[in-house]
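Got a structure for you, questions after.
Letters are used for the chains, namely A, B, C and D, taken in the order the chains are written, and counting of residues starts over at 1 for each.
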Amino acid sequence: MCTAATYKTKDFYMGRTLDYECSYGEEVTITPRGYTFMMRHGKPYQTKYALIGMAHVAGEYPLYYDAINEKGLGMAGLNFVGNAFYTEPAEGKDNVAQFELIPWILGQCTSVKEARVLLERICITNISFHESMPVSSLHWIIADQDEAITLESVREGIKIYDNPVGVLTNNPPFDRQLAGLNRYMGLSAKQPKNTFGGANELPLQAYSRGMGALGLPGDLSSESRFVRVSFVKMNSLSGDSESESVSQFFHILGSVDQQRGCCEVKEGAYEITIYTSCCNASKGIYYYTTYENHQITAVDMNKEDLNAKKLIRFPLVCGEQIRWQN
Amino acid sequence: MCTAATYKTKDFYMGRTLDYECSYGEEVTITPRGYTFMMRHGKPYQTKYALIGMAHVAGEYPLYYDAINEKGLGMAGLNFVGNAFYTEPAEGKDNVAQFELIPWILGQCTSVKEARVLLERICITNISFHESMPVSSLHWIIADQDEAITLESVREGIKIYDNPVGVLTNNPPFDRQLAGLNRYMGLSAKQPKNTFGGANELPLQAYSRGMGALGLPGDLSSESRFVRVSFVKMNSLSGDSESESVSQFFHILGSVDQQRGCCEVKEGAYEITIYTSCCNASKGIYYYTTYENHQITAVDMNKEDLNAKKLIRFPLVCGEQIRWQN
Amino acid sequence: MCTAATYKTKDFYMGRTLDYECSYGEEVTITPRGYTFMMRHGKPYQTKYALIGMAHVAGEYPLYYDAINEKGLGMAGLNFVGNAFYTEPAEGKDNVAQFELIPWILGQCTSVKEARVLLERICITNISFHESMPVSSLHWIIADQDEAITLESVREGIKIYDNPVGVLTNNPPFDRQLAGLNRYMGLSAKQPKNTFGGANELPLQAYSRGMGALGLPGDLSSESRFVRVSFVKMNSLSGDSESESVSQFFHILGSVDQQRGCCEVKEGAYEITIYTSCCNASKGIYYYTTYENHQITAVDMNKEDLNAKKLIRFPLVCGEQIRWQN
Amino acid sequence: MCTAATYKTKDFYMGRTLDYECSYGEEVTITPRGYTFMMRHGKPYQTKYALIGMAHVAGEYPLYYDAINEKGLGMAGLNFVGNAFYTEPAEGKDNVAQFELIPWILGQCTSVKEARVLLERICITNISFHESMPVSSLHWIIADQDEAITLESVREGIKIYDNPVGVLTNNPPFDRQLAGLNRYMGLSAKQPKNTFGGANELPLQAYSRGMGALGLPGDLSSESRFVRVSFVKMNSLSGDSESESVSQFFHILGSVDQQRGCCEVKEGAYEITIYTSCCNASKGIYYYTTYENHQITAVDMNKEDLNAKKLIRFPLVCGEQIRWQN
């Protein structure tokens, strides 16, 4: 499935893995300021702020998986199959189709605070981009350097959750994932104390480093990835330079990397981490790796003309870029 | 399989569960002082001390599963299939058949210290009691109020392990079971502290009592029972009266009770806790319950003539003894 | 905290543990037919059906912890601290104080189906029995031989959940507990198959019986008890005689017994299983054990005058009832 | 600590992580054929085969952490603190100091089979390379395309274990690690079947992909890393091209990557994965990444003069090598 996380050093970083059994041909895509989106339920809408993110571009329409805008606000959509529930358009609401949501928010908000206002009157509709495509079942993380929230549209309506851990995976719904962390509250990056025997001391000892986090789940299910990446992210330490921050971020998401062969989707088909991204939301840089390319590749939105008329697209560098020392 | 444990309040207690898919007709059996055992590899041997324990009596021969003697020394044999290894008789050794071992030790030792001396020259032989019976694969716990040891005869020879936890189950070998406890050293009867986020505090909380022992295994495999009953025993608290001590002891072994249906041995056959025993080794009292009788039944060896010529036998009270209040 | 479970052989059984650090002096209490309850929010109410259950009797008022009625309907209240939310009386509702709920339901319903109808118009109010007592925070299991439901009054309102497993513990809310079972769906009473290496076979083997349920939690937290007792109950097998059924039921709840010392509530105070009950709801018999008495004690409501004018009360038999064979 | 693994597609790959809180200035180092090692306990020894691996070079002495030779045999030393036990030189043995072991084996053996012969007469001595350096406590994995073995020198003597999983971490001793895998035999890359309720079906379902491996440990302790990387490696699937094989190998070892902050060694000091290597043992290529450089860097031994007189050394490329697309 997928995992998203935020990270803060001097700058604010946000990124995600996309885990799936096949790719749809995504590209790093910049949507410039003033780009017009035809809306399914209302008047065309023009973005105020430029965006950079990963998108499948259909015609001139960027179907974003995740993006940041030039104001430092980021957003990512993650699979939420079986729990996402979108509705018919509603009177008096901002009716936004599921696939329009990321440019709708990032194109006009500068912060989570502003996004919260917009979300108060939103209705996410169940219209697909094209009749040949199913409606994706997603929920979203929206974050800036000050806070993160989770947005879910479920049978009971729109839910906005504070996201104090800055992490999102997939099922079950976010409130359960967050409550589930309570079961792991005693885990630690420090070695455990010997309390097994209570007042009756037993001569137990730590025979290895890292035993304070025994109990951390290691499988690839969404709930286990949520717990694992939350632990890694919350305990992460790095220098605050760009290089050290980006490096550490890829180590964080590396803890939930999906290796080919370990998660069978159907006979002979396996889910893998197709790409991993890390956005410097403060500076507008999109870093990524792909399953077959461990080198980090980067696109800087500020090197492009953000008032351009057209989408600016960068096909992914996919093959393993090995540096030969001899 | 089986679980044995010790417990100390004012008196010293020791007992075990016998987990199996069928019973062989065991009885609480007292072997009086001066009882003669014909030995397979040497001269007949006369017990110095009287024993009480659970035995299948074949002819006049008590095949003990577990017993204590009148000096406060106890011993229990537990399944050790695939790891127990008995040999041919060896020159210059005390050659003792596996089924002779409990009366051999308890009939002449007053303490673990004395038993250690005897065990220095022991060879446990692979002779069965009767050609129609296979040789049981067992290892043993030997304990008094001061210490407990585990005795194993494996391919590498005789192993005597200090047993600081006073617990024995089955596979794997005892040194591995004890080392395995290290992985659980951070478990506690107290609530966990919130250390998950390291320096970055997350608002996690204990939503239930008892969360300090999260990670304690709950299944019926021998390694999981070892960990679970060790935790329960080490943290146990009770008054030191006979009634409170005995009651607590049955609660300790109750934590590894095997319920019918939860452990399938072969199609339609299930292992259950056939009986649970608790010996007051200081006073010579044998308490027991059976799967179908929750009431504790007791036999006091000191109410019998310990210089009798014959075994004194008490068939088990097996059906549920319900007390009607109206 | 507490655990409740149902069990069905020829008859229908239901019972619970009460886990706490102290007892409030409960008794097995029969409320006869036609007994009048003064209601806090309306007219006095007369029971149609007689009840038997465990109650703290205050004056002539039975504060039931759990009970069954003569029609085979049972109900138990379990701690739900931090999630239970009771309200002010509401217009047009049946306003019932939390402590009135068990006699209100069991006094007039013959089945869960009838209880569902009554619950459609219920409002559970936050009035305490006496100003000196706090309002308990509870949720309830209601069950007959055909089905079980869970009743919760939370901030969002009254919730009625189908309870397909027939088990209730404490926090978190029931829907989460039930959803949490999905993580354990692969556990089994049978031995595991070796699938670790996928197509690349590794020579792994089961070194102990009972390894199919590895992963079952063994601690005393409410969520772990829910999973453990659900597994034990669902896999339970027994003869269908009264004796075998009752015996097996106490083994089921024995799997979540709380041993003194293993769950510290505050410095030096420990939660234990104060009593365990098993009601034959089909025949009106209340069986129980206490922490200090392993023998099963029983009260048969049908041996009493169910048209009596007063409560019929049986103080608990508490000390260890040991049967001496010599 | 460290993790080593093997992987086989068309070629044979072997590599490791080095996890520690600081680096000692290691370099990719080629030892040419005919290079002379002064031995501490005997005559100088000349290598027959050239080696490439990671080493700290002291003077002209390569202290290898891991290496392969030109015949496709590989070897890596991993921390084994508290269990490694080296002795005084022994009469009639090949006395080899711990730090001489890798060139001793790889310099003269073409296969594990040949190494086994050499190891029959080995004695690993407790002499340090220099009085200012402690003796490292290590054990070793030795592997070729046909098999892998683990070499341990412990208190009981030299132990050679078949290593069917082709993985090594640290404590406890290897035989225990391998036996420990049995507890995880039921894990799978496929979704779990619903067996929780036995014959009584409960409506449980997999709410996420990847749930067949629930129970896989996710912490950084050596035993958990052993289980996790074993599962990932055994289930790994990739194309057999060089690029795909190498990429997959780094994904395998990525599953046990140690992130800065998650394993505190002492106040403020954290263990991290300093480097990760992947050797194509069939072709003599050494690939590596460092904590701060996600790009794979490579050195091909066959591009160098393997009959050179001196060590050929390649300082590590350490900073993050980001590829800018604009």
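Here is the rule we go by: a residue touches a chain if its C-beta (ideal position, glycine included) is under 8 Å from a C-beta of that chain, and two chains touch if they have at least 3 such contacts.
Keep in mind it's a predicted model, so treat the numbers as computed, not measured.
J.: Look at interface A-B and say which pair in B-D, C-D or A-C is its repeat, using the rule that over half of the contact pairs are identical by residue number.
T.: The same interface as A-B is formed by C-D.
J.: Sort the other chains by how far their Cα centres are from that of chain C and give me the top one.
T.: D
J.: Taking the mean of the C-alpha atoms as each chain's centre, how many Å separate chain C from chain D?
T.: 54
J.: Mind checking the centre-to-centre distance between chain B and chain D? Centres are C-alpha means, answer in whole Å.
T.: It comes to 43 Å between the two C-alpha centres.
J.: So how far apart, in whole Å, are chain A and chain D when each is placed at the average of its C-alpha atoms?
T.: Spacing between the chain centres: roughly 33 Å.
J.: Would you please write down the residue numbers of chain A that are in contact with two or more other chains?
T.: 172, 179, 183, 187, 189-190, 198, 207, 211-212, 214-215, 221, 223, 231, 235, 261
J.: Give the list of chain C residues in touch with chain D in this complex.
T.: Answer in residue numbers: 164-165, 179, 181-190, 192-198, 200, 202-207, 211-212, 214-215, 230-231, 234-235.
J.: Where on chain B is chain D touching in the complex?
T.: Chain B reaches chain D through residues 172, 176, 179, 183, 198, 221, 223, 261.
J.: Residue numbers of chain A touching chain D in their complex, please.
T.: Interface residues on chain A, with respect to chain D: 1, 28, 82, 170-172, 187, 189-191, 207-224, 227-228, 231-232, 235-238, 243-244, 246-248, 250-252, 254-255, 257-265, 270-271, 287, 289, 291-300, 303-304, 314, 317, 319-326.
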